[in-house]
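Paired with chain B in one complex and with chain C in the other, chain A is shared by the two complexes that follow.
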Partner chain A sequence: MVGESGCGKSTLAHSILRLIRPDSGSARYRGRDILSLNRTELLEMRRKMQIVFQDPYSSLAPHMTAEKLIGDPLRVHGCRSEASIREMVVKLLCEVGLDADCLHRFPHEFSGGQRQRIGIARALILNPEFVVCDEPVSALDVSVRAQVLNLMRSLQISKKLTYLFISHDLSVVKHISDRIAVMYMGKIVELADKWRLYANPAHPYTKGLLGAIPSLQGRRRGGISLSGDAPDAYQRPSGCCFRNRCPAAELVCKIEEPELKDVGHGHMAACHLQGPRGDESVPSAAMV
Partner chain B sequence: MDDVSFDVGEGEILGVVGESGCGKTMSMLSVMRLLPDNGRVLEGSALFRGMDIMSLSEREMCAVRGRRISLIFQDPLSALNPSMTVGYQIMEPFLIHRTLTKKEAKEAALNLMRKVGIPSPERRFSEYPHNLSGGMRQRIMIAAALSCRPSLLIADEPTTALDVSIQAQILELLLSLREDTNMAIILVTHDLGVVSEVADNVLVMYAGRDIEYGTAEEVLSRPKHPYTNGLLRSVPKLEDDVFMLDPIAGSIPRACEMPDGCRFHPRCPSAADMCRSEKPGRYPGSGNSYVSCFLYRNV
Partner chain C sequence: MKIPKLEHGRGFRPISVFTRHKFAVAGLIVILSEIILVVLLPVIFKMDPIVSDLSSFGAKPGAGHLLGTDSIGRDLFARLVYGGRTSLFVGFMSTLFAVALGVPLGLLAGYYRRWVECAVMRLVEVFMSFPSMVLILVLVSVIGPSVWTVTVVIGFLGWTQFARLVFASVLTIREKEYVLSASAIGSSDAAIILKYIFPGAVNPVLIAGTFMTASSILLESSLSFLGMGVQPPASSWGSMLYDAQSIAVLSGKPWQWIPPGFMLILTVLCINFLGDGIRNMLEPKNKTNI
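Moving on to the complex of A and B:
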C-alpha cells in the first residue's frame, strides 16, 4: 500500500484491525466481518492479525524489557506458563536476529534496527497469519533498512505470512510486494500486480509519483512530474479528487467521481480516462 | 568528528551523504558556529572567501549568518516561528541586516515568495506557518534563507520531511535558484537518489569522518570505499528485481565507542589487520577525488 503522507494508509490499516472503528463499511477476514465481531471473537481474531508499527522508538514501552515486550501478547492470550513463554521468546529472538542475552535489556539499550526487530518479534509471537506492517522501515537508516527488509522477507517465507506492507517509499514497496495499491486522499486509485503497475501505470497520479522518485542513474530531471499539493482533506474537490493536479483532467472528472474498475488483465484504476483499452474493449455484456 | 575536510566552489552543489549520526549536521553547524552547548570546535578552520569564520567575533559572525551564508533545516515546522506571520519571517533578514526599509522589505519578500513558487503570495504573506502545507513551509524557509542573496546556502536535509512529489518540486527549485544566482549549495542528505539528481560533487561521511569524495557520477556509479559500495547496494532499485538485498552487516558505532583505526572496519568485508589499528589517509583518485581506505593506498 503506497501513498503520500495524509492519504489515509495508516487509518486504513488500523480500521482493518479495528484499532479504530470505521463509520461504515466492512472488513472481511476469511469471510468474517471483523467490524461485527464481539469482544471475545475479536480477541480470538487478533491472534491471527498483528501489526508492526512505524516508529520503533515510540511503539515500545520504555519501562519493559525485551522479554516482557515480546512475551506479553502470549500472557494476554492466556498463556500461563512463564517457562514456556520464555522459551518461545528466546526462540523468536534468534529468528529475528537478536541474541538471547537481549532478554533483560530495555528499549533504550537497543539501536533503531534492533528495536524494529523486537517490534517484529512481538507481532509474530502469536503465530499470526496476517501482519500489517505500517511503514516498518521508514525510521531506519539505509544499511539497517536493508537488513530488516531481508528479515521480513525470510520470515514471510518461513512462516507463510501475508503482509499488508504500508510505505511511502515506492522502491521499498516494489521490492517487497506482489501486488500494489496506490492511495490518494483516502481512496485507492490504482491496484495491480507490481510488474504491471511499474511498467504500465494507468492512473496519472501513479505516473507522477513514479516520475518523482529520485533515481541513482544521475540527472533525469524532466521537469516537475506532479505539481501542486494534495488538497485539504476537509475540502475535497468534486468528482475525481486528483483532478486539480491532473495534467489530463476533463470536464467529466469535475462532475463524476471515478470508480475503481478493471482496465485490463486485473489491473484496477479509478480514472475516467482509462477504460478497457482499444481493441480489447469488448463490452462486458457482449462477452456474456 | 575527526579531521573532516571539504570545499565547495561558486555555483557548485556539493552533496554530503551519510547515515544518521555520522556528523553531517554537526559539520554544518560548526561552519555556521551554531553548535549546541555540548559541542565545541577544538581545532581547524573554515574559510569563506579567504576569511576564517572560526576567528570572527560573534558580532562579525552575525553579519555573515543569513546574509552571506544561509542555512535551511530539515523540519520547517520547528524552524519557523509559529507566532510570526510567514511574510514577516521572510522580511526579517532584510530588517536585521538593515539592507532595506520596512516597505521595501515587504515588496522584496513578496517577490521572493513568487520566486519560490508560492501561489497568491499577497494572501499567504499574513498567514502563519501552521496554515501552510509542508512543501509550502519549506518554500518559506528557502525564501527567508535567500532573502539577502547569500553566496552559500547550506541545506540540511531540506526534503526529508516531504513527500516524493513535493521533494521533486523543491529540488527543482534549488536547481533553478542556483542557475539564477550562481550561489553555492551544500546539500546534506541521507538519500543517495537526491544526491545523484542534483549534486555536482559528493562527500560521503561515516562515523564522524569523510571517507570518499568525487564527482556525483563517479562516486555513485563507481564507488570505491566499501561503505559507499555497501550503501549503494542496500538500496532497493526500481530498475532491477532482487529477491534479497545486500545490506551492510552490523550497525553504526555510537559516538562514545568509536572503533580504532578505520572506523568502518568492524562492518567491512575487506578489513585487514592494518585497518584495525591505523587510520587510513586520503588516497587520491582521478581529478580531485579521494578515498579514505587502505585498499586504494597504492592505486
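Moving on to the complex of A and C:
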C-alpha cells in the first residue's frame, strides 16, 4: 500500500485491526466482519492479525524491558508459565537477530533498528497469519532500513506470513511487495501486481509517483510529473478526487466519481479514462 | 562546570542526581530518623505523655524531665515524641488517602474521556472552589475531632490535585503508539491502564505526594492549634502549641513551645527539600538548583 503522507494509510491499518472505529464501512478478514466481533472473538482475531508500528521510539513502552514487551502478548492470551514465556521470547529474539542479553534492557538502550526488531518480535510471538506493517522502516536510518526489510522478508517466508505493507517509499515497496495498492486521499486508485504496476501504470497518479523516483537514466518510461498539492481532505473536489492535479482531466472527471474497475489481467484502476470507456492511455508527457 | 548527563543512557543514574542535592539528602536523613525515633523511643524508654508528675508543674528542662513539664506536670519530651507520631501519621496517611482517591479517578477520566472525564473533572472543580480550611473545620466539627477524622478529611479534600495531575499525564500518554500497541495485542482496558499508562504517570504523583505530606502536617497542626484536631490528653505538635498559648507561657516558659514549633518547621522544611530532590531526580528537565 503506497500513498503520500496524510492520505489515510495508517487510518486504514488501524481500522483493519479495530484499533480505531471507522465512521462507516466494514472491515472483513476471511469473510468475517471485524467490526462486529465480540470480546472473545476479537481476542481470537488479534492472535491472527498483528501490527508492526511506524515509530519504534514511541511504540515501545519506555518502562518495560524487552522481555516484558515481547512476552506481554503471550500473557494477555492466557500463557501463565513464566519459564515458557521466557523461552519463547528468547527464541523470537534470536529470530529477529537480537540475542538473549537484551532481555533485561529497556527500549532506550536500543538503537532504532533494534527497537523495530523488538516491535517485530512482539508482533510475531503470537504466530499471526497476517501482519500489518505500518511504515515499519520509514523512521529508520537508510543503513539499517535494508537490514530490517530483509529480516521481514525472510520472516515472511519462514513463518508463511501475509503482510499488508504500508509505505510512502516506492523503492521499499518494490523490494517487498507482490501486489501494490496506490492510495490517494483515502481511496485506493490503483491495485495491481507489482510488475504490472511498475511496467504499465494505469492511473495518472501512479504515473506521477513513478515519475518522481529519482533515477540515473533520466525520466522513466510512462512517468509524468505532477504539480500542486493534494487538496484539503475536508474540501474534496467533486467527482474524481485527483482531477485538479490530473494532466488529462475531462468533464466527466468533474461530475462523476470513478469506481475501481478492472482494466485487464486483474489490474484495477479508478480512472474514467481507463478501461472500456476511454481505452486510450493518458497522454503521459502532457505536463512535462 | 560539569555538563550533566540528561539522556537516559546507561550512564544516567537518578540516584546521583538526588545525592547532588545536599538539602534533599539531609531532608531524607532527618525524616527517616524522625520516623525511627518516634516509633522506637516509646518502645525502648518507658515514657508516658499523659500522666502528670505531681511533684513538678511547669518545670524547667532538667534531669528528671528532659524538656521539662507543662503546666499540669506532663513530661514534655514524651509529649513531643507521641506528638510526632500523630503529626507524621496524619501527614503520610492523609496523603496516601488522597492518592488512593485521586489517582484512580484521574486515570479513568483521562483514559475514557467523554462522560467520565466530565463527571470527574467537574467534581474536582466543585471541590477546589470550596475554601478548604472552612470546609475542614465544618466537617471535623460535624464528625467529631479525632486523629482519624482529621486524616480522612484532609485526604478527602486533597485528592483533587492528584486527579488533575494524573489526568493531564494520561492525556499525553494515551496518544502514544505503545498504548495502541497494547490494544493491538488484545490487552483489556484495565491492563492497558495499569501496565502501560499508569507507570508513566507515577512520577508527578510521587513529587506532589511529598509536598502534600508537608502541607498535611501543617494543616493538622493548624487544626489542633484551633482545638479542632487531636483531642487532649493525646498530643500532636499543633496541640502542644495550643497548650502553650497563654502570654505567661509564651514569655516565661519557652521550653513548652519551642521544641514542638522547631520540630514542625524542621519536618515541613525537610519534606519539602526531599520533594525538591525527588523532582530533580525524576524530572531532570525541570531542574531547580539550590
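Throughout what follows, the second predicted complex is superposed on the first by the 266 of 288 C-alpha atoms of A that agree within 3 Å, B and C clash if a C-alpha of one lies under 4 Å from a C-alpha of the other, contacts with A are read in each partner's own complex, and residues count from 1 in each chain.
We take it that a contact is a pair of C-beta atoms (placed from the backbone, for glycine too) under 8 Å apart; a residue touches a chain by one contact, two chains touch by 3 or more.
Keep in mind the model is a prediction, meaning the values are calculated, not measured.
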item: When chain B and chain C are modelled together on chain A, clash or fit; value: fit
item: Partner chain in contact with A:L170 - chain B first, chain C second, else both or neither; value: first
item: Partner chain in contact with A:S26 - chain B first, chain C second, else both or neither; value: neither
item: Partner chain(s) touched by A:R122 [first = chain B, second = chain C, both, neither]; value: second
item: Per-residue contact with chain A, leading partner among chain C and chain B; value: B
item: Partner chain(s) touched by A:S84 [first = chain B, second = chain C, both, neither]; value: neither
item: Contacts of A:L17 with chain B and chain C, given as first, second, both or neither; value: second
item: First (chain B), second (chain C), both or neither touched by A:S111; value: first
item: Partner chain in contact with A:T162 - chain B first, chain C second, else both or neither; value: neither
item: Angle at the Cα centre of chain A, taken between the Cα centres of chain B and chain C once the superposition is applied, in steps of 10 degrees; value: 80
item: Contacts of A:H63 with chain B and chain C, given as first, second, both or neither; value: second
item: Where chain B and chain C come nearest after superposition, their Cα distance in Å; value: 8
item: On chain A, positions contacted by chain B and by chain C; value: none
item: Chain C-facing residues of chain A, complex; value: 14, 17, 19, 42-43, 46-47, 50-51, 53-55, 58-64, 72-73, 76-77, 106, 108-109, 119, 122, 126
item: Interface residues, chain C side, partner chain A - complex; value: 7-10, 176-178, 180-188, 191, 195-196, 199-200
item: Residue numbers on chain B that touch chain A, as the complex places them; value: 19-20, 133-136, 163-169, 171-172, 175, 190-194, 196-198, 216-217, 220-221, 230-239, 241-249, 251-252
item: Complex contacts: residues of chain A adjacent to chain B; value: 4-5, 111, 113-114, 141-147, 149-150, 153-154, 168, 170-172, 174-175, 198, 208-221, 223-227, 229
